[in-house]
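Presented below are the structures under discussion, each in the form of structure tokens.
Here chain A shows up in two complexes: once beside chain B, once beside chain C.
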Partner chain A sequence: MTAPPRPQRRKLGSDARAAYVFLAPALIGFTVFVVYPLIRSAYFALTQYNGLSVPKFVGFDNFRRMFTTDPSFWPSVRATLLLVVLYVPLSLAIGLALAVFCNQRMRGVSLLRTLCYLPVVLPVVATITLWKFVFNPQVGLANQVLTWLHLPTSEWLSGSDSAMPSIVIVMLWSVGSTMIIFLAALQAVPTELYEAARLDGAGPRTVFFRITLPLISPIMVLQVVLQMVTALQAFNQPKILSPDGMGGPGFSTRVLMLSIYTNGFPSLGRVAQLGYASAQVWVLFLVIVVLIAATARFSSIWTYSDHVS
Partner chain B sequence: MKTSPPTAPPPPDSAGAARPRGRAARAASWYTVALLISSVMILPILWMFTVALKGPSAVFEVPPKLLPHEFHFKNFIDGPKAIHFPRLLLNSLVITGLSVIGGVMTSMMAGYALARLRFPGRRILFYVFVGSMLLPPVVGIIPLFQLFKDIGWYDTWLPLIVPAWLGGNPLFIFLARQYFLSIPQSIDEAAKVDGAGHLRIFVSVMLPLTRPAWITMSILAFQMSWNDYLNPLIYLYSSQKWPLSVGMASFVSQFAGQTPDWNLYMATNLLYMLPPLAVFFVAQRYFIQGLSALGTVNQR
Partner chain C sequence: MKRTLHAAGALLAAGGLLATSACGGSSGQESDGKTTVTVMTWESNATNKLIDQALAGFQDPDITVKRIDTPNGNYSDKLSALTQAKKLPDLFWCGNDTEQQYTGQGLLTDWSSKLSGSGDFGTGSFDSTAMKNWKTADGRIGGVPSLMNTYGVWYDIDAFKAAGIPVPAAGWTWDQMYEAAAKLHAKGAKYGLVADAMTALDAPFSLSLYSQSAGGAPFTDDVHHPTKVTVDATFTEGVSKLVAGIKSGAVAPPGYDISNQQSLFSAGEIPMLWSGQWLAAGFLTDKPKIKYGFAPLPQADEPATLYDAVGICTPSYTKNADATFKVLKYLDSTVWTKVLPDSPVAVPAYTGAQDSYFNALDKAGQTTVASTVRTDLKASSTIGVRFTTQWASQAGDLITAYWPDILQGKKPLSDLQTMADKINEVIKSNS
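And now, the complex of A and B:
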């Protein structure tokens, strides 16, 4: 070791080398598992491809077929949007309400938080299959409770009108994760603001709508986006809960993800339609992008920001 | 502009004497609602316990009894037998274990480089990783399926494990970077003066300091992998290679058209839930920490 102390420039070089070594796995992964599939799936969407033969370029035929002749496409768009419309507002409202409720100083509040969070901890497949039995029309807990309360019972998953709401109930049972995120946001609101408002004689409602809600609005936007993406990509619930595993009864719970799955990964002798499924992937992807962009744009109008000066 | 003028006395003052009673009423209503919420959360789980203990005929009694008349503890043996539970459990443990180790390690490495090393392109790379968090995984499923099939990984565990070892989850990279940024720069300068290389600094200085970060990430990664249903469903054909998630879902639909033995099923389902539950109760605060980090990401 007779080398003189290294000059500054060499040191930067060694830093950079180390950085690329440390980043190598993530960079390889990013290229192979993000960039490559993105390009490839755009290409697949324009081809007819069964996974075995060479993909045959067909231009926009897949999209034409989707929008005009496929009898299951529009029902699956409807099912997907119904899921979003039911799930997103409810999960936000219930999650926020629970967070506000669990943010009060009461004995046992931490136990309540744990209980609300419990369903999130359980494996998704375990909770979905549990609810499949809860919704059993004859011997399930759901109808049993309704009978005790002298309320009309329901067919739940086997009724074409009640199937999607039932799926939404199962998804809402895991609202604890939304609650925890809102709780963290609520606890970050400075208490001086509440004290000041109280001194000014503001009631709890005014405090909530004038102080709490504006201050947590960035988290609200994040949640809208997260829950929307969750709902648009819901797969496990419709797949496991539908009686036929294909989004039945009828097409009532055949969301786009399930449609993509049945076309792209067929079982029981049906031919794979990877090209057609990829086209559906791109439709779903564009819907996600448009909804996120719209949320972001819309949110700048009502999100509170403190850069007023 | 509907705020009351400052001269109007706030309502609580006018009812000064009634205050303790008001507080009691408030507490009473709080506990009523709390009880209601907890029963919605806990009732299905309690019911699962009772079904798991029922005999085969008691499950289909109409109206169902909340408590079984006799306890069939044998369900906890017969149920798991029906789906080769020990093997699926081992599969799940291996798949989850390997993907947690790989995912956390490579994300921590990437986070270290992005937060503490200067190199050309570091800003762009950070934005690229953060941006890819928004990319829905669905976009990749078909080409990836083809890719794994082409290189002969179909019906092996490799598609479920190798991606984790290659950077895994952009969210983890992001969390790791944020945590590394909070560590004072003087610490690695001191280590460098002592002659430590980057690997040495990362392993013996940074990893001990970032313990909460990688414990939180490990727990999230464990939960994700243990829960994963779509990927094993796509990639694994042979039922002896399935993880528990696919095995449990097939338990419910294995007799297409026929009703499954719900009592056996629920007993097995309870066993399937035990590992994540155990992790949760041991590491509760890390669970919450992981999610809260997400909740405060946008603030500031």
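And now, the complex of A and C:
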């Protein structure tokens, strides 16, 4: 039995030091821009603070106000959940359908994939602003098309019932990123399974539900989590598209992220409520954690696994 | 060792990059001994160009004036960020509410002593209503009012003729307005009247004109220091008429997209539009296809109107208050006389500059605009357009929770009282 060679230990130590040095900028950035704001926001959540005066400790008053007296909080929760319920299944269904379509062997499929992904690389704010023109109830393209087709027109973003579905449509415009991940998953399914299924006389429907879907189910779980986080953190679309920029009409599109922004950075003349907004941030954070944990916990029920326990 | 030194150098460089992210702010003394005074406006590019030309005429060997370019669309975000970073420019465009709130927190320079004299730029040189509303309860003046917004109803003369209705004029009533809206709607207009001011966040203040004009109580006793809000029988009556108008399709409902209402009015798509006098400046450059006029807001019995002056504020940490005040005086008294002839956006609060505005309107043939603005300035019964208090956004959320649903018949009119009670609770808990 011999001791490890000393020169190698010295070399490892030197490498470790170099690694720490190179990691230092990222660690400093993480500490300054993530850890420190996290700690500060936890502190502000327990204070009355407008960003200008000295924070005044108020305990859990901000949370009490949020759950009991703030008329906008529960409508914000409702709007956020409605967005999740509408957006997540639709984005998965459309993303998967596009992926399956783009996974065919046919001419021009590369162009098709590019076209599907194109909205993702376009500047988000510019795209959303264009949609605002499309949805303009008086002069917008959407109502003009409906008129040409002799269909009833809609108030789109101006109607309290149609505003959130309109925002979901705009968010679905970027479904190309979901499609790309599904496409990669589809291409990883072993082709011999398909060949074996065909030899056994399975039709396309059976092949899809018995082979494709089970084998890409782990990716489906990932997509559910990703799309859920996207929906829970939606901000650009409701901010830019709502007629008043505050999640209107009424509270119909004031999702939690927009509510946080509206309280933290209010419109001209209003004073910021950074303490209250920080409390809302922590509530949103907890909602995201709980939903993702629940998704991960129950994913084994519908995720295919070839391991035998 | 050499490698460690390199890494340390890289870290210092990264730290330096992080530390140099600040921008903007008041300038103070330059190396050549001159004082630079920075100015930030929310005006359009065209008006800013006129302001720059006018500022070029400011002659002081010791002072340089520098305007900071900022997008007018994101002005409130920019202002919030600069305020929290304590980097506000020496002079910045601000609303009455911003001035009241910031002054209350000691963030603005108090000009009351400089304005107290009887010279050509004292409190007496300004419109009395505007100056009164810019004073805080303890007599501080954290900014100087610059322009006064007045409100009225823009109308399409030909649409009124086609519907056989006389055009609106001073003294017309709320009932006449709703009747006209109904006839214009029946004649083919999607909505006879578009009035975001009566359906959006600050709507109860607009509807307060009905109750005030009919001898009832205003919605609130004071927008700066309210002790209560009141929803009496006359206020409820005014709202019920609006609800009926929305139900019949004569009036645009809450949520109506106002982003292109000016161009729709210009194109003859909106026959009656409740808005401000500032549209007149745009109509001079982008001429409407229609013949139009501008009438004072309707009344029940006595005339009543909204007051809303914007102004110019200075942070308390300005480095040279005397130089800043000189530029402020020039902006308020001289710049408008040079800018308004080409862009008559609003009447100056500084009375000595008001002729330039009215002359520009007369010259452009906008006689109804001039007469309506004059009428509004003389109105004895007025109310502010919104709360200016620290808790204004809490009250705003309560209004959003009740007002649109009441107007659309989803909640009963009796909920107006519930809304008022809840706002009164907010007032009580913050007083």
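The definition used in the following text is that the second predicted complex is superposed on the first by the 301 of 309 C-alpha atoms of A that agree within 3 Å, B and C clash if a C-alpha of one lies under 4 Å from a C-alpha of the other, contacts with A are read in each partner's own complex, and residues count from 1 in each chain.
Convention: a residue touches a chain if its C-beta (ideal position, glycine included) is under 8 Å from a C-beta of that chain, and two chains touch if they have at least 3 such contacts.
These figures come from a predicted structure and were not determined experimentally.
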Most chain A residues touched (candidates chain B, chain C): B
Partner chain(s) touched by A:18 [first = chain B, second = chain C, both, neither]: both
First (chain B), second (chain C), both or neither touched by A:181: first
Partner chain in contact with A:265 - chain B first, chain C second, else both or neither: both
First (chain B), second (chain C), both or neither touched by A:114: first
Which of chain B and chain C A:37 touches, first, second, both or neither: first
First (chain B), second (chain C), both or neither touched by A:59: neither
Contacts of A:152 with chain B and chain C, given as first, second, both or neither: neither
First, second, both or neither for A:137, with chain B first and chain C second: second
Partner chain in contact with A:51 - chain B first, chain C second, else both or neither: both
Shared chain A surface residues [contacts with chain B and with chain C]: 18, 21-22, 25, 28, 32, 51, 132, 138-139, 265
Touching residues (chain side chain A, partner chain B) in the complex: 12, 15-16, 18-23, 25-30, 32-34, 36-38, 40-41, 44, 51, 98, 101, 104, 106, 108-109, 112, 114-119, 121-126, 128-134, 138-139, 141, 144-145, 147, 173, 176-177, 180-185, 188, 198, 200-203, 206, 218-219, 221-222, 229, 232-233, 235-236, 239-240, 245, 257, 260-261, 264-265, 274, 277-278, 281-282, 284-285, 288, 292
Chain C-touching residues of chain A, taken from the complex the two chains share: 17-18, 21-22, 24-25, 28, 32, 50-53, 69-72, 75, 132, 136-139, 155, 157-160, 163, 243-244, 246, 248-251, 262-263, 265-273
Residues on chain B engaged by chain A in the complex (per definition of touch): 3-4, 6, 8, 10-11, 27, 30-31, 33-34, 37-38, 40-45, 47-48, 51, 59-64, 106-107, 109-110, 112-114, 117-120, 122, 125, 128-129, 132, 134-147, 149, 163, 165-168, 173, 197-198, 202, 223, 226-227, 229-230, 234, 244-246, 248-249, 251-253, 262, 265-266, 269, 272-273, 276-277, 280, 284, 287-288, 291-292, 294-299
Chain A partner contacts - residues on chain C that touch it in the complex: 3-4, 7-8, 10-11, 14-15, 18, 75-77, 79-80, 83-84, 95-98, 101, 105, 107, 190, 200-201, 254-260, 264, 269, 386, 388, 390, 392-394, 396-398, 400-401, 404-405, 408, 422, 425
